[in-house]
Amino acid sequence: MIFTPRDPGFEQRTRESFLGQGFMHTLGAEMSKLTPGHCELEIGFTDALAQQHGFFHGGVIASLADVSGGYAAFSLLPADRTNVTVEFKLNLLLPAQGAKLIATATVLRCGRTLTVCRSDVFAVAGDDSQAFCATALATYMAVDLRYQGSEVK
Amino acid sequence: MIFTPRDPGFEQRTRESFLGQGFMHTLGAEMSKLTPGHCELEIGFTDALAQQHGFFHGGVIASLADVSGGYAAFSLLPADRTNVTVEFKLNLLLPAQGAKLIATATVLRCGRTLTVCRSDVFAVAGDDSQAFCATALATYMAVDLRYQGSEVK
Amino acid sequence: MIFTPRDPGFEQRTRESFLGQGFMHTLGAEMSKLTPGHCELEIGFTDALAQQHGFFHGGVIASLADVSGGYAAFSLLPADRTNVTVEFKLNLLLPAQGAKLIATATVLRCGRTLTVCRSDVFAVAGDDSQAFCATALATYMAVDLRYQGSEVK
Amino acid sequence: MIFTPRDPGFEQRTRESFLGQGFMHTLGAEMSKLTPGHCELEIGFTDALAQQHGFFHGGVIASLADVSGGYAAFSLLPADRTNVTVEFKLNLLLPAQGAKLIATATVLRCGRTLTVCRSDVFAVAGDDSQAFCATALATYMAVDLRYQGSEVK
């Protein structure tokens, strides 16, 4: 789907917001692609991100899925708005085993208040083969930039 | 609800599995309580776990909710089984602002193959007041200890 | 949890809205209890509501869970607002076998725009024993009474 | 995605199971397409399926989404298995206004025990224009044909 951003400066604004998330630094996540309504994030594997069998931890997968959808939605906001996650649902399809994780999110529906996104997560092996390892469906709410209140306000 | 563990040594086995998750070390998570079918995890706040407004990141909340439910389910498994997350859904209710997060999970239904858990997450302020900031509903699948395969096998 | 209704006439308004749903007539659903932030619905079993094994169909369970949460949320709205379902997630715990289904919903968080509810569904046998057969977690959005637009506006 | 059915007689078996659901008769649902791993269902609008504003009721949408996914999964089962819904999550994107509803489901991952499906729901107007009004993500479990037990067993 093709979306028209309401803020021509969406890319800089979106990337700055992403860089402001301490937890994304902790995970080593990078925003590898951003177009209006679409966002791709990547994380390289380290033991610090593993579960007990040496795969990417489900919490890492969930974080990447949630944040990729959040910034796909954020890219369509007017310049005086930010957003928060209302809820998301994640299905794990395969063990996330590989050198890196890629989450690709797209906006399914962008309303004035709520935006719904889908995020598909792939585990990329050393030979660049990709396994579709998880998918998420998420809802985000647009809020005022000075928002400090409830995520379900 | 009162559950009877199938493995009398469930506590040691559950805690050992939790300690084997590199990502839980990264988050600084601790297992503060464990009884059959119930699990409580805690994480102290650091900037490394924050989103852009200085609250606990949604991905941290999701991780804690998922893992607390996973070990509530794990505590009821026979000694020759482990489990994997099939899926979970998280609703964020309030900004998770505070000195620490506590996730309290309980088993709603324990079947032979699948277990369903609910996990409630609280943000604890410096004065020990608690805010109910998120809730999750999750499904886990029991698998063989040597399991290396699909999470939806 | 104790909630204070914003509209003293909430009960009549809530029950009238429920009676306006043709599909609830089709299911034979009744609103058996309503207090601020809480709603209980019931449906008696008929073959017209069954799946292929003669149990209540998952779609009936989902409908009852969704609507009970919707009216638990509706009961707390001001008189000039109505609401729509944003999303819900349902876990089926046991086959829903019995003479009737009861869904009990409670508001977990009531914001200005969004309300989050939990709904537990019980299958009631002829001897009045209850089996906890499903649970749902749902989000509702308050909208203007004249609302005809997007559910994620 | 292309799937190979494990039972060459999958189509007849799948359609017979669908016809055995009393609730699908009540809704007037028809299976308009079936190929291995894909299923499309349709329902025509009547007031008996409406919510209070005259649109298709969310419970009808949920039922169609769940069942379309269930039979997409069912089509890939061996002949001696059936399946049950473990859980599903539905996001409502737009009011479901129109002459009929179409739900198109596809299998995302087919494991030995669990199958994960996505179902997209469209409201079709009198002029055949389609509005993408809902999407669901669901998990199904394969069980023995004689299964009468827990949906999360």
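Letters are used for the chains, namely A, B, C and D, taken in the order the chains are written, and counting of residues starts over at 1 for each.
Everything below uses one rule, namely that a contact is a pair of C-beta atoms (placed from the backbone, for glycine too) under 8 Å apart; a residue touches a chain by one contact, two chains touch by 3 or more.
Here's who's who by UniProt: A, B, C, D = Medium/long-chain acyl-CoA thioesterase YigI.
Since the model is a prediction, treat every value here as computed from it, not as a measurement.
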What are the mutual neighbours of chain A and chain B in this structure? C, D
Counting one step for each move to a touching chain, how far apart are chain B and chain D? 1
Pair sharing more residue contacts (C-beta pairs) when C-D is set against B-C: C-D
Would you mind pulling out the distance in Å between where the CA atoms of chain B average out and where those of chain C do? 28
Distance between the CA centroids of chain A and chain C (whole Å) is 31
Rounded to a whole Å, what is the gap between the Cα centroids of chain C and chain D? 22
Among all residues of chain C, which ones touch two or more of the remaining chains? 86-87, 89, 91, 93-94, 109, 116, 137, 139, 150, 152
Given the complex with chain B, which residues does chain A contribute to the contact? 17, 20-23, 25-27, 47-53, 57-60, 62-64, 66-67, 84-95, 147-152
Flag every residue of chain A that touches chain C in the complex, lowest number first. 86-87, 89, 109, 111-116, 137, 139, 141, 150, 152-153
Would you pull the chain D residues touching chain A in the complex into a rising list? 89, 91, 93-94, 108-109, 116, 118, 132, 135, 137, 139
